[in-house]
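Each of the next two complexes has chain A plus one other chain: chain B in the first, chain C in the second.
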Partner chain A sequence: MPAAFNIYDLYKIMFDNKIILIYQGVFDQEMIKSVISMTEKKLIQDNTDENLRKKLFNIMVEGLQNICKHQLDIDSTENNPFLIISSDVDSFDVVTGNLIANDKIGIVKEKIDYVNSLNKDELKEYYKKARLNSVISSVGGAGLGFIDMVRKSGNPLEYKFYDLGTDFSFFIQKTKVGNSN
Partner chain B sequence: MNIELPKKIHEQMVSHQFVVSIMGNLNQEFLKSIIKITDAKLSKLDVDTTMKNRIFHFMVECTQNLCKIEDEDQFSNNSLFLIGKNEEDYSVFLGSIFSKSDTDTIIDLIDKVNSFDSQDVKDKFYDEISVNENSKKNQMLLSLLSISKRTKGKIKFDTFSIDSVNNFLSFKIIISNNK
Partner chain C sequence: MELSVLKVAGTEDTPEILFDTQTNEYIISGRSLPEDVSSFYKPVFDWLNEFEKNITSNPSFKFKLEYFNTASSKIILDILMRLEEINNASSSTVNIEWYYMESDDDMLEAGEEYKELVEIPFNVIAF
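Moving on, here comes the complex of A and B:
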């Protein structure tokens, strides 16, 4: 570990960006339960509106299940997925990051761009169709998670793929959850 | 939050070889889950039970005793917990916000505990338990003695001033298979 590591720099980044939780490591059902339970307590303590809490939990569950389903079975530090939750005045950002095989990027990008382009009614229709057809893609899902996140948050999904120079890239996805939507 | 920021945080985690990083209010319930997850992660890395127990003991002492001496405040008792791997050693960090007066007291106590050899640490630990004094200072000393006794190493620390009344204080232990 480099000697110059300064734990306070990291803490300060988190504090300044109002990050209330960061978890990097193994994700499983047990961890999802723990993270949600811990977040719930924190939000109740902060008197966060119940409606906003529910929305946030829905988005968290979708994001964490995506990580659980798609995390690659390559266990090393640099491949660890992560979850970051930050809070603002009346909204939260839920950010997940995980490795993705380069050949899956196209289909994921296409799904997100498509759901981002739809309005509320179109999303509802598309959700119904996707559920009925429920075509499980090679990425592991029918894209229902993405549709659900856009519907429940009322905001488009932000994403970025970082090329790692290998067969894999790092996929970061952010959902803003606010009370206004 | 700018979407570029999570990648920067992740890169920092990767460059320092952190195998587990958690920031949040490490209350008792969450701590139990974190220990389970850390256990699973360390098992995958073939860390033996003795080393794992030392790491868990450090986490419990820091979060349940040392950090508990602070009241709820604007920082909402946020603690940062990190485990870094360096060849066969594990560096375990736990940082949190403390008032300046508590920081001074803790640092004095750490210096005192670090000046003891392992037999002194044991003797002092049992002496302090038998005193049965429930003061804040006694509680902190007991925790530090307990950490030193179980981890068999010196307790390292860093402090950073946040404002006129608060510091960020981080505890660090290095646990290796050789001990």
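Moving on, here comes the complex of A and C:
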């Protein structure tokens, strides 16, 4: 860490934005288990509503396993995937970021825009159909993550692609998990 | 051929599995979010292949899951469809009991969705 870096500034940013967790680095199953168990403990301590806790757990698993299965094996220490969780009174924001090849942006965008456009009943039908037709991929995914995240959170998925000026972009995705739905 | 017991201890990311023809108990319980669902659940499908040839009583397969990820959701559907096949091919009746915690609407809905997809005696039960 550069000496000029002010730890207090980072703390202030976290505090002001109600960030309870920031992680950047390797995403694997062990990391996912640790982060989830840590978050769960904190939520139990804070007496967070059980249903909200389950939904957050759900969104975290899908989001993190998505990255775990799709992270690019690029020999670079730059642009690690990250996870940020912030909490408000009755909701949590789960934000993840990971590198994506520019030629994959279109398909990801199309997938998310489509699930975001569906209402509750349409999502249910789409999930059922997609699950029936899905095949577990070589990386162990069923291709159902985004649909499930919209269904369980009850909110559309927000996203952004940051152009890095190379063949890759940074894919930032935010899911709001609220208690009201 | 004697059908062995399938017993897998639960962990924080994989469910406990107990399939036992001696006690006539068949239960999958806990959390399912393994890194590799296909390899984790392979023993279940292998066991079911043997079970199909040895089925005698009317077994009830209990699913008592607290949480499962989307990849597991696909595999659970595959297990249910396999049980449907076994039920259809056998003179025994294979039952499904899907348990959900009373307050857990998502797990209730998951059970109801599976129930619509397979033609097999299927009970969704609160606990």
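As a working rule, the second predicted complex is superposed on the first by the 167 of 181 C-alpha atoms of A that agree within 3 Å, B and C clash if a C-alpha of one lies under 4 Å from a C-alpha of the other, contacts with A are read in each partner's own complex, and residues count from 1 in each chain.
Rule of thumb we're sticking to: contacts are C-beta pairs under 8 Å (C-beta built on N, C-alpha and C of every residue); 3 or more make two chains touch, one makes a residue touch a chain.
These figures come from a predicted structure and were not determined experimentally.
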{"item": "Touched partner set for A:Lys33, first chain B, second chain C, both or neither", "value": "both"}
{"item": "Contacts of A:Glu62 with chain B and chain C, given as first, second, both or neither", "value": "second"}
{"item": "Partner chain(s) touched by A:Tyr8 [first = chain B, second = chain C, both, neither]", "value": "first"}
{"item": "First, second, both or neither for A:Lys124, with chain B first and chain C second", "value": "second"}
{"item": "Touching partner for A:Tyr23 - first (chain B), second (chain C), both, neither", "value": "first"}
{"item": "First, second, both or neither for A:Ser86, with chain B first and chain C second", "value": "first"}
{"item": "Residues of chain A that lie at the interface with chain B and also at the interface with chain C", "value": "28, 33, 37"}
{"item": "Residue ranges of chain A in contact with chain C within the complex", "value": "28-29, 33, 37, 50-51, 54-55, 57-58, 61-62, 65, 68, 124, 127-128, 131-132, 134, 136, 140-142, 144-145, 147-148, 152"}
{"item": "Of chain B, residues touching chain A in the complex", "value": "1, 3-10, 12-25, 27, 29-30, 32-34, 36-38, 40-41, 44, 75-76, 78, 80, 82, 84-86, 91, 93, 95, 158, 160, 168, 170, 172"}
{"item": "Residues of chain A that touch chain B when the two form their complex", "value": "1-2, 5-8, 10-11, 13-15, 17-26, 28, 30-31, 33-35, 37-38, 41-42, 45-46, 75, 77-78, 80, 82, 84, 86, 93, 95, 97, 158-160, 162, 170, 172, 174"}
{"item": "List of chain C residues in touch with chain A within their complex", "value": "12-13, 33, 35-38, 67, 69-71, 73-75, 77, 103-106, 109, 113, 116-117"}
